[in-house]
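Worksheet: one structure, shown below.
Residue numbering begins at 1 within each chain, and the chains themselves are lettered A, B and C in the order written.
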Amino acid sequence: MGKPVKHVATFLVMVLLLSFSLLAEAKSPLVFQTDFGLKDGAVSAMQGVALGVDPDIRVFNLTHEIPAYNIWEASYRLMQTVPYWPTSTVFVSVVDPGVGTDRKSIVLKTMSGHYFVTPDNGTLTLIAEKMGIAEVRQIDENTNRLPGSNESYTFFGRDVYAYTGARLAAGFISFEQVGPLMSTDIISISYQKAIVKSNSAIGTIPILDIQYGNVWTNINKSMLDTLLLHPGDVLQVEIFNQGKSVYKGKMPFVNTFGDVPDGKPLAYYNSLMDISFALNMDNFSNVHKVFSGPEWTVKVEKITR
Amino acid sequence: MGKPVKHVATFLVMVLLLSFSLLAEAKSPLVFQTDFGLKDGAVSAMQGVALGVDPDIRVFNLTHEIPAYNIWEASYRLMQTVPYWPTSTVFVSVVDPGVGTDRKSIVLKTMSGHYFVTPDNGTLTLIAEKMGIAEVRQIDENTNRLPGSNESYTFFGRDVYAYTGARLAAGFISFEQVGPLMSTDIISISYQKAIVKSNSAIGTIPILDIQYGNVWTNINKSMLDTLLLHPGDVLQVEIFNQGKSVYKGKMPFVNTFGDVPDGKPLAYYNSLMDISFALNMDNFSNVHKVFSGPEWTVKVEKITR
Amino acid sequence: MGKPVKHVATFLVMVLLLSFSLLAEAKSPLVFQTDFGLKDGAVSAMQGVALGVDPDIRVFNLTHEIPAYNIWEASYRLMQTVPYWPTSTVFVSVVDPGVGTDRKSIVLKTMSGHYFVTPDNGTLTLIAEKMGIAEVRQIDENTNRLPGSNESYTFFGRDVYAYTGARLAAGFISFEQVGPLMSTDIISISYQKAIVKSNSAIGTIPILDIQYGNVWTNINKSMLDTLLLHPGDVLQVEIFNQGKSVYKGKMPFVNTFGDVPDGKPLAYYNSLMDISFALNMDNFSNVHKVFSGPEWTVKVEKITR
């Protein structure tokens, strides 16, 4: 009788290992961001490389509509989105005007445990500020490069970044195996920080809420709380491009767009709790020719309750 | 000998439970529709929230190119698409011009067993008509809201709708746990229904087949069958905007675009079996300035075989 | 003692079968390409049909932004992308100006083991050339058609191609069950092949790198190697539309865009290792009004080192 039971036990171990290996798919999501657009096959080729690394990998898209070469906006989209993704998610961001130059290819791990695979060109400016850098590693392209791709000089996104990101998300390489540890002093884009004085605040327009033409600032609720801002308060808003006034007007601070008539301006906290400006049911950016980027500044003053 | 066998049995139960729990991923697909576009991180943040609820959830996109604030088109896209998705699929639709007003947040279950998470603003007009309402529940935002998001007034799509939809699709809450039962008398957009008289039919242009500029109507084959319409029949078609004639012409009813020369008009049944108008290899909408919405009406008359 | 062990053995077989069936999800990715755009519900309906076939199927998008009716570009996008997807991936490509005519619906298997579900209209021209045809089968629409869809004449993409592709990717039908074997002499688009003479090469502009306006050719590195081209060599480039000269200029052959000043022209190998032309940080196509398609030809001559 002993032998069958022994066989049973052996089988059980096999079955358990099998089951655990199925359970053990503690795989991380892989999220892509590029300025490639979706009109050609570039993004799909990147996803195919990821599936080739691991047929079970789960791939997602942040956006592929970053304006060409706009590193600032790539940085902003990451900051806006990443906090809503689970810890250990791997982001591959490819906005890479310096492709082929000696800019480094890196993987950054934030204090929050998210990973970023990208050229070191400023793309991680805002994420590093917001979430804190745990470690940065330079990608060793000898080991972390799609086999057979070494003749290509130009498609790092597919051959190095997608491949490395997929192997990291699948757990086929550890963070240490990406490559050697680097200084955390990565490339950063300089921009005007938000400042609050007695009754007013100064900041920049980091981005538009492009679909609706709303104007977002980098001035957060946590700073404006010192102004004791309440719904119904009136704000004086002035917007400058390279120091030249482009818009000046008064608008109420409200909780909801519906609190002002159609077409009228309003100030509100956006989903990041930054003070923002809109025209109810219209497009503030188009109407007033206000756009975004480090060259834009904004001044907000509380006039009265 | 008894003990090993007992252990074996215990192990077996564990293994079986393990295996069944793996099998038991009777999880529903989660499908997003918005007017956000894909240029920023809003859609990705919604998907990140869903992955945070359940790392195994399967997310899909219907479209994010609904024209801003166009509730009618949101309603139409759902009606056009939902019947092709499996029962129990959860749709999250966020076209929400009234965000922040007192419009309700609801989950509707159709007679077909599909779920819809959306503001109650008319988005479900056509789905309710076509598939029938089983139950409507108002979302209890105290329990069904992304933890830590209660300061934000504006991004219901992410904090309430994506979060609730993901929990429902993952099976972490039942439909009953969404919130209290409501009346099925949800907000509905009024529009002209299709009517058939002796030799003619009147209806609306609910939507364009936008990629090709084809003009779709709401007059179904099942109604036109009373006109005994056959391929080769000639139709007199007149199109009105707010009652004013914009287009009048004759065209054959055909099975396939290739039945008329390039550039010539034709009438055909679209994939919903509604009578539709096109120019072979050209764009009817652009050429004749015909668009869509409840303000457009169309008259179709059978002239001759 | 015999009986419990027998039961144990029976259980074990069940558990093993269960585990293997879980493991046995050797399912293939299903990748969609169309000219439908993403503004309406057509692509989502196709994906819903696929999920209805198999709730575990994994669906991806190559692109849905093929210009309407542009079979050539559909062919090019497949050639550009497919090699980066795993063997046995199933591609469903629907660019179908002849829908409803007697064009055939086919599934082609390449020598590489990739599958293509598509109308036989030239879509597979470049894939067939590049990867080789193993077998072609005509879809038997009696068995391979979404149940209940037989009244619709126009949406083959959803009712036949998505449905058949999903069943093939899920392993619910074998390739043989698609339908009868056909000749491998499928419809092909004629175009000018690349030719190299002593110091020059002639070819076409099969496609633009549309996001950046770079001009790609079909002249591969493997051909130009006979010209002993090295970084720093100067090329004389002339571009013709239907034989008429549109652009003529000199530019260096470089490894990286950064090797020339902003705004200056350069020649480089793209990610397919084909010689290509660009303006550093600008848009060659827009500036010089150079576009793509079989009607464009290009002549490249090596002048000097």
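Convention: a contact is a pair of C-beta atoms (placed from the backbone, for glycine too) under 8 Å apart; a residue touches a chain by one contact, two chains touch by 3 or more.
Bear in mind that the values here come from a model prediction, so they are computed numbers and not experimental data.
Taken over every residue number at the interface, the positions common to chain B and chain C amount to under half, indicating a different-residue contact.
Between the two copies, chain A and chain B, the C-alpha superposition involves a rotation of 120 degrees in steps of 5. Annotation: 29 Å between the Cα-based centres of chain B and chain C.
Looking at chain B, residues 1, 5, 8, 12, 15, 19, 22 sit in touch with two or more other chains. Touching chain C in their complex are the following residues of chain A: 1, 4-5, 8, 11-12, 15, 18-19, 22, 35-42, 44-49, 51-52, 55, 59, 68-69, 97-101, 151-155, 158-159. Only residues 1-2, 5, 8-9, 12, 15-16, 19, 22-23, 29, 31, 60-65, 77-78, 80-82, 84-86, 89, 207, 209-212, 221, 255-259, 268-271, 273, 281 of chain C touch chain A when the two sit together in their complex.
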